[in-house]
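First comes the structure, then the notes that go with it.
Note that the chains take the letters A, B and C in the order they are written out, and that residue 1 is the start of every chain.
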Amino acid sequence: MKKIFAFIVLSYVVGNAFAQQSPDVVDMKKHHLVMQFMDGDSLSQATIIAQVNNIRRALPNAEIEVVCHGPGLDLLMTTKSKTSSGLTDLASKGVIFSACNNTMKRRNIKKEDLLSAVRVVPSAMVQLTLRQEEGWAYVKGGH
Amino acid sequence: MKKIFAFIVLSYVVGNAFAQQSPDVVDMKKHHLVMQFMDGDSLSQATIIAQVNNIRRALPNAEIEVVCHGPGLDLLMTTKSKTSSGLTDLASKGVIFSACNNTMKRRNIKKEDLLSAVRVVPSAMVQLTLRQEEGWAYVKGGH
Amino acid sequence: MKKIFAFIVLSYVVGNAFAQQSPDVVDMKKHHLVMQFMDGDSLSQATIIAQVNNIRRALPNAEIEVVCHGPGLDLLMTTKSKTSSGLTDLASKGVIFSACNNTMKRRNIKKEDLLSAVRVVPSAMVQLTLRQEEGWAYVKGGH
């Protein structure tokens, strides 16, 4: 009983400490969000990374997947990504970056052309569909 | 019993009268729709206002929130909105116009730079996520 | 009992045969996806047709509706569609192509200006809302 009480007090203190560190937190619940990214320009690459960082600050326990297709695959390519360190950092924290295999075939992009943190999915559109069927929210990212 | 019958007849008459006034009505049910707006040009400002008006004509009891971020915040600014009267009119009828606080910080936009009917939300992406979790439909607005 | 067993074996054989023919198949479940298309350029017309074909290869039993509005209505017009044969082929396989009546009124497009396979809906935004309420996933198509 004492242990439970101590745990509750500790949780409260830790919770408060966290809230003080991060005034931007909206809630600590588990959320699921799949984002679509299809922009080819550098500016929008910076935008999507900023958007994911903003979401994580507001919803620290959100599970986020960024599904890239079309020109948006540049974000994931070793030679074309302008934000590879930001992306790798987010991937190390659990954000999923997915490349559309249909786009890869059409643009002749190989798995080894992608940043190592990237996963390949059969189809961006299908991935966005399946995630929503699993209850994930969906938002178009970028500009 | 008479009262119930009178009510049914009255509902039918009123319903028909309304339908005659508004042939565009699809149904009178309660719907919930959150729209994303991120376009910076004047033409698209007119488009989003027209889209909201069209939805309201078809679904008069729809609850609608327009979440603006990035260049889309221009729609909500006193100095940049080309549709401030249309927006204020819709807001007076219950349409919610929300400004992304992350965009406001990045673009150095203050609350007093926004039309008075506008609400500020911590993050556009988070708002779009939370609304979908509450069961709202989501559509990208503008062009 | 024998018949049931034969049916199970047959289903397995046919299922495998199909999987061998189509290595791109993700699953054979019934899915529902409503796509928004609003792009006016020829390149994006080819993109949306390719996207629908890709989805159908991965999810052969998906029910798909492509809702077109704004400049996206060009995809559906006899004089402006660059992909009329691809579209008609998909429509014959059950894909629904819907034209926004609000756009038609604004752009003065008549029903007879549209490819014969096209359906008219009162409002693109309303259609996208209603489909999501029915449990369909929603994705922005095109580029």
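By our rule, contacts are C-beta pairs under 8 Å (C-beta built on N, C-alpha and C of every residue); 3 or more make two chains touch, one makes a residue touch a chain.
What you see is a predicted model; the values in this text were computed from it and never measured.
Interchain contacts join each chain to each other chain, per the touch definition above.
As for how the two copies chain A and chain B face one another, under half of their interface residue numbers coincide. For the pair chain A and chain B, the distance between C-alpha centroids works out to 28 Å.
For chain A, residues that reach two or more other chains under the stated contact definition are 138, 140. On the side of chain A, the complex with chain B involves touching residues 24, 26, 31, 33, 35, 47, 50-51, 54-55, 58-59, 62, 137-141, 143. Within the complex formed with chain A, the residues of chain B that make contact are 36, 38, 70-71, 102, 106, 122-123, 125-126, 128-130, 132-133, 138, 140.
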